[in-house]
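Pasting the structures here.
The following pair of complexes shares a single chain, chain A, combined with chain B in the former and chain C in the latter.
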Partner chain A sequence: MSKRKLIVRLKHLYLHAYVWFWIFVAIFPVLWIISMSLDPRNISKPTTLTLIPPGASLAAYLRVLKHPYQGANVSFVRLLWNSLLVAGGTALLSVLFGATAAYAFSRFKFPGRKAGMLSFLVVFMLPASATLAPLFVILTFLHIRDSLWGLVFAYTSSSLPFAIWNLKGYFDTVPKELEEAALVDGCDRNSAFFRVILPLSVPAIAVTVLFGFMNGWTEWMLAWTFLTKPKSFTLAMTLYNMVGQWNTPWSNFAAFSILVSLPIIIIWFLLQKYIVSGLTLGGVKG
Partner chain B sequence: MVDYSDIGLWEKIRRNKLAYKYILPAALVMAIVTAYPIVYEVWMAFTNFSIVNLKNPHPAFVGLRNFIMILKNQVPLENFNFWRTLGFNVIWTVVNVFFHVTIGISLAMALNTPKFALKKLYRALLIIPWAVPSYISALIWRNMFDTQFGAVNLLLAKLGLPHNIAWLTNPNAPIKFLSILPYAFYADLITNVWLGFPFMMVVATGALQSIPKELYEAARIDGASEAGQFFHITLPLIRFAMMPAIMLGVIWTFNQFNIIYLVSGGGPLGETEILVTQAYKLVNPGGLFGIASAFGLVVFLILLGITLFTNRITKATESAL
Partner chain C sequence: MAKTVANKHSDLKSSIIPWLLILPTFIVVLMFTAWPTVLSIYQSFFRLKLNVPRFRVPTFIGLQNYVELFKSPTFHQVLWNTIIYVAGVVPISVILAFLFALLVNRAIKGIGFIRLGFFYPTILPMVSAATVWMYFFTPNYGLFNLFLQWFGYHGPQNWTGNPHLALLAVMIVAIWKSAGYFMIFYLAGLQNLPTDVFEAADIDGVNYLQRLRYITFPLLRRTTLFVTTIAFIDGFQIIDHIFVLTQGGPSDASNVLLYYLWEMRFNYQDVGKSAALTVILVAFILIFTIGNFALSERKEDRRVA
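Let's look at the complex of A and B:
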C-alpha cells in the first residue's frame, strides 16, 4: 500500500469515528426511550442502561392504550380523534388558504404585495406566547376558547406564514408559459390555478400539509392553556400531563411518547426529500 | 406580469381584484387570530387587565405602569428579572447557533468526503433528532437529566466520570467564571444542540454539493493545504447558502419555548428563563394579562429588531419578494 493511500485510509477511519460519535449522540435518547417502553416492571425509576430490559414486554403500551389520561376518564380513541381533528383541520385550512394566497403573491403584481409578504414574515417570527394574553381574552369573548375549533383557527394562523412563503417560492418556479397556454385554450384564472399550478406543485403541497399537521399534532401549550374539558383533550396534552406528575410512570410515558411521535416520524422520513428542498428553496431561492 | 406603472392606484387595485380574492381567506384568519390580538394587546398593555376582567372587560387605564414594572423587575411573579432573562436569551441563542452551525458543517464535510462508505445510512441516522417532534424530545431529555435515575448520569457513571450531577436543580454554575450559567443551562444546551444540528447539516450538505469540484483541483495543483482550501474555497462559498438557514436558526432558538420550558422549566430560580417562557408564565399561572401584554409587546419589538438586523445582513427576504 502506498503511503498516500494509507493516509487517505487513516483519514477515513478518523472521519468514521467522528461521524459515529454523533450518530451515538443522535440515537442515544431514542434507544433509551425504546428500552424504557419495553420494561415490564412498570418502573418509576430505571437504574441501569440496558437496550432490551429483562423480560421485555409490550405491557406499557397496553396500559396507556387502555387508560391514557390520569386523573380523568377519557379513552385513547377519543384523544386520538381530537388530535386527528385538530391536526387534520389545521393541515387542510393552512394548505387551502395558503395556496390561494401564495398564488396571488406569486402571479399578481398588486398594490400591497410587498407589505403583505413582509407582514407574513413578521408574523412568522412572532412566538405564540407573545400574543397569548390577548388571544386568550378574545377567544374567551367569542366563546370558542374552550373548543377544538378555536385551536384549529389559532394553529392555522401560525402555520399560514410558512405555508404561504413555502408555496410562493415553489409557484415561482412553475413556468408561466404553462398557465398562459391554459388561458389561451379558454381556461379562466381559477381553473388554470386548480388544474395547472396545483397539480404541478405536489411536493410543496405535501410539505405544507405535513407542517400544518405536525403543528396541530404536537402543539400542547395553547391547548393546555385554553382547554378545560378532558373530553376535548389531545394526545400532546396527555403526554405533557404525564410528566407533570411527581411520580412519572416512566415506561408508560416512554410507550406513549413513541405512540404519539411514530406517525410524525414515518411521514417525515417519507417526505424528507421534499422537506429539505422546500425549506432551502423558500429561503435560498433568488 | 404586466407593468401597470402608468395607471392610477385605484385602477391597479381594480385590475387585480382576483388577487385580493385569493388572499382574502388567509388574510381573514390572520386578521382575527393574529392582527386583532396584536392591536388588542396594545390596548391591554396600558390597563390593569386581570382574571376578573374576563367576565367584565372594563379594566382601568394605568398608563406606562406595566412597562415600568417590567423594566424595573417589579412584576409580582417569582424570580422575575427582565434584564437577566434578556441577557440569558442572547447568550443562549449565540451559543446554540454556534454549535449547530459548526457541528452541522463538520458532519456535512465528513459525509461529503469522496468515496466515503455508508454515507446514506449515516445521513438517515443523523437526521433522526430533527424528525422527532421537539416537545417529545424535550420531555425525553428532561427525563434523561434526572439526577438519580436519568440516562445521562447513568452513562457518565458507566464511563467512570462524575455522575451525581443535579442537572436541573443545582443553581450553582459548573464553570466558575461563567457564573450566570447554571447546570440547567448545559442541560438545555445539550438538548437543543441535539435537536438543531441535523438541520444545519442538511443545509450545509446542499451548499457543499453545489461547489464545483474543479475549484478544489485547481487549489490542490496550486499547492493549497486542506485548511487553506477550507478557508478560501469552502467557507466563502457556503456562506451565502447558509445565511438564510442561520437567520432561521437564530429566530427558532431565540424563541425555543419547548426546550426551555419542558427541560429546565426556566429554573432553578429563574436562571434559565428566556423571554417566551417568561411571557407564558405571566399568563399561566400568573393571570397578569395586562403585564403579559406589555411584555408581549416588548418581546415583539425585540424580535422585530433582530429580524430587521439579520435581514439586512443576509438579505434573505429581498430576493424572495
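Let's look at the complex of A and C:
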C-alpha cells in the first residue's frame, strides 16, 4: 500500500470516528429512554444500561395509558385530546394568520410595509414565556386563563413572527408572472392566492405547521402556571407530574416520554421531504 | 392584455386589502405580545404584593422596584448567571448545529433516521429531556460521570447540587436539547446553496476547510442571523429544565432571569417586582435582536455596495 493511500485511509477512519462520536453523544440518551421504557422492573434507581433489558415488555406503556396522572383523575384520552387541541390550534392559527400576513408583505406595496415587517420580525419576536406574568393578568381578565384557548393564543402570538418571516421568504420565490398569468386567465386575487401561491408553497406551510404544532405540544411552563382544572391538563404537564422529588418510576416515565414524542415523529416523517426545502429564511428586505 | 394586469396592480396599491390581510396577526400580536409588555412597564412602577395584606392595593412608587432589584445581591447573581448561561449556550449550540448539519448533509441510506436521531432531543419535551439528564447527573452511578471518567475526569460528581457545577449542568442540557433544532436550519441552508460555486472551487483546488471558511459560511450568513436570533431568545426563555434539575439552586447558583421572575411572581407573589423583571428581560431580548438585525443588514449593505 502506498503512503498516499494510507493517509487517505487514516483520514477516512478519523472522519468515521468523529461522526460516530457525535451520533453517540446525541443519540445515546434516546437509546437509554427506549431501553428504560421496555424494562419490566420499573426501578427507581437504575445503575446499569442493558440495551434490551431482561424480560422486556410493554407493561410500562399499558400502565401509563391506564393511569397517566398521579393525584388527579384524568384519562389518557382526555390529556391527548387537550394536547392535540392546543398544538393543532396553534399550528392552524399560525398558518392561517401567518400566510395571509406574509402574502400582504410579499405582494403588496403599501405605506409602512417595511416598518411593519421589521416590527413583526424584530420587536414582536418575544416569547410568550417572557411575558408570562402580565399574560397571567390579561388572560384572567379575558376569562381564558384557565382554558386551552388562552394557551393557543399565547403560543400563536409568539410563533407568528417566525411563520411570517419564513412564509414571506418563500412567497417571494414564487414568480409573480405565475400569479399575473392566473389573473389574466380570469382568476381573481383570492383564487390566485389559493390556487397558485398556496399549492406552490406547501414546503413552507409544512414547516410552519410542524413548528407551531411542536410549540403547542411540548410547551410546559405556561400550561403548568396557567391551568388549574385537571380536565384541561396536557401531556407535557403529565410528564412533570411523574417526576418525583426522590424517586421517579423510570419505566413509566420513559414510556410516557416516548408516547408523547410519537406524534411529532410521525409528522416529521410525513413532512420530512418538505422541511428542508421549506425553510427559506427570506430577507427583511425586498 | 398586459395593460389590464398593470391596472389591476395599480388599483391594489391604494387598496386596503394588505391591511385587512395583516389585521388578524396584528390583533393577536397586539393583544398577546404588545399589551402584556406595556402592562409590565405600567405595573413595574407600583408596589403590589398579593401575599402582604397592606400591599394588596397598588401604590405608585416610581422606580423603587428597579432600585431595590439593582441593590439586591440575588439579582446581581441572577444577572451574572444569565449572561454566563446565554454566552455559553448560544455559541456552543450554534456551532454544534453547524457541525451536525455538515455531518447529515449527505445522501446515504438511512440518513432520515440519523437526522431524526439528532432532531429527537428537540421533539422530546424539555421536561423529559431534563429528567433523563437528572438521572445521568446522579452522583456515584450517573452515566454522565462514568462517561467523563473514561476521559480521566475525577472532579466532583454531584452536578446539580454543587454550586460551582449547577449552572454548567443546566447549560449542558440546554445545549444538548437545542443543537438538533438549529441543525435543521443549517441543513436547509446547506441544501439551498448553489452547487456551481463548489464545482468552481473544486477546479481551483480549494481544500475542505478553506471551502467552509470562504464559501459555505459566508453564503449561510442569513441562516446564521436567523439561528443566532432564535438561539438567543430561546436562551432567555427556555427554563423548564431548571424547574426539574435545580430549582435555581443551590443558593441561586443556577438561577436565571426568567426563573427568578417566575419565583418573584408565583412564589413571592410580588407583582410589581416581577413586572420590573419582565421589563428588564424584554429589554435584554430586544437589544440583542435589534442589534443582531442592524449589524447584519449593515454588513449586507456593504457587501452589495
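Following the convention adopted for this analysis, the second predicted complex is superposed on the first by the 264 of 286 C-alpha atoms of A that agree within 3 Å, B and C clash if a C-alpha of one lies under 4 Å from a C-alpha of the other, contacts with A are read in each partner's own complex, and residues count from 1 in each chain.
By definition in this document, a contact is a pair of C-beta atoms (placed from the backbone, for glycine too) under 8 Å apart; a residue touches a chain by one contact, two chains touch by 3 or more.
Given the structure is predicted, the values throughout are model-derived calculations rather than measurements.
Student: Should the superposition on chain A be reported as showing a clash between chain B and chain C, or a fit?
Tutor: Aligned through their shared chain, the two binders clash on chain A.
Student: Between chain B (first) and chain C (second), which does A:M214 come into contact with in this model arrangement: first, second, both, or neither?
Tutor: A:M214: touches chain B and chain C.
Student: I'd like to know which partner A:I264 touches here: chain B for first, chain C for second, both or neither.
Tutor: Both: A:I264 reaches chain B and chain C.
Student: According to the stated criteria, A:G71 is in contact with first (chain B), second (chain C), both, or neither; which is it?
Tutor: In the superposition, A:G71 contacts neither chain B nor chain C.
Student: Contacts for A:V184 in the overlay, against chain B (first) and chain C (second): which applies, first, second, both or neither?
Tutor: second
Student: For A:V19 in the superposed arrangement: first (chain B), second (chain C), both or neither?
Tutor: both
Student: Quick check on the superposed pair: does A:V137 touch chain B, chain C, both, or neither? Answer first, second, both or neither.
Tutor: In the superposed model, A:V137 contacts both chain B and chain C.
Student: Quick check for you: in the superposed arrangement, does A:P199 touch first (chain B), second (chain C), both or neither?
Tutor: neither
Student: Is A:P54 touching anything from chain B or chain C once the two structures are fitted on A? First, second, both or neither.
Tutor: Neither: A:P54 stays clear of chain B and chain C.
Student: Shared contact residues on chain A, chain B side and chain C side combined as an intersection?
Tutor: On chain A, the residues that contact chain B in one structure and chain C in the other are 19, 22-23, 26-27, 29-30, 32-33, 45-47, 49, 93, 96-98, 100-101, 103-105, 108-110, 113, 116, 118, 120-123, 125-138, 153-154, 156-158, 160, 164-165, 189, 214, 217-218, 220-221, 225, 236, 239-240, 243, 248, 250, 253, 257, 260-261, 264-265, 268-269, 272, 276, 279-280, 283-285.
Student: Report the residues of chain A in contact with chain B in the complex, numbered from low to high.
Tutor: Its residues touching chain B are 11-12, 15-16, 18-19, 22-23, 25-30, 32-33, 45-49, 93, 96-98, 100-101, 103-105, 107-111, 113-114, 116-118, 120-123, 125-138, 140-141, 153-154, 156-158, 160, 164-165, 168-169, 189, 214, 217-218, 220-221, 224-225, 236, 239-240, 243, 248, 250, 253, 257, 260-261, 264-265, 268-269, 272, 276, 279-280, 282-286.
Student: Which residues, counting only chain B, touch chain A once they are in their complex?
Tutor: 1-2, 4, 9, 12-13, 16, 18-20, 22-23, 25-27, 29-30, 32-34, 36-38, 40-41, 44, 49, 53-54, 57, 103, 106-107, 110-111, 113, 115-117, 122, 124-137, 139-144, 148-149, 151, 154-155, 158, 194, 197-198, 202-203, 206, 241, 244-245, 248, 251, 255, 257, 261-262, 276-277, 279-280, 282-284, 289-290, 292-293, 296, 299-300, 303-304, 306-307, 316-317, 319-321
Student: Flag every residue of chain C that touches chain A in the complex, lowest number first.
Tutor: Residues in contact with chain A: 1, 4-5, 8, 12-13, 17-19, 21-22, 24-26, 28-29, 31-37, 39-40, 43, 99-100, 103, 112, 114-129, 131-136, 141, 143, 176, 179-180, 184-185, 187-189, 191-192, 222-223, 226, 229-230, 233-234, 236-240, 243-244, 258, 261-262, 265-266, 271, 274-275, 277-278, 281-282, 285-286, 289-290, 293, 297, 300.
Student: Using the touch definition from the top, list the residues of chain A that touch chain C in their complex.
Tutor: Touching chain C from chain A are residues 19, 22-23, 26-27, 29-30, 32-33, 45-47, 49, 93, 96-98, 100-101, 103-105, 108-110, 113, 116, 118, 120-138, 153-154, 156-158, 160-162, 164-165, 180, 183-184, 189, 214, 217-218, 220-221, 225, 235-236, 239-240, 243, 248, 250, 253-254, 257, 260-261, 264-265, 268-269, 272, 275-281, 283-285.
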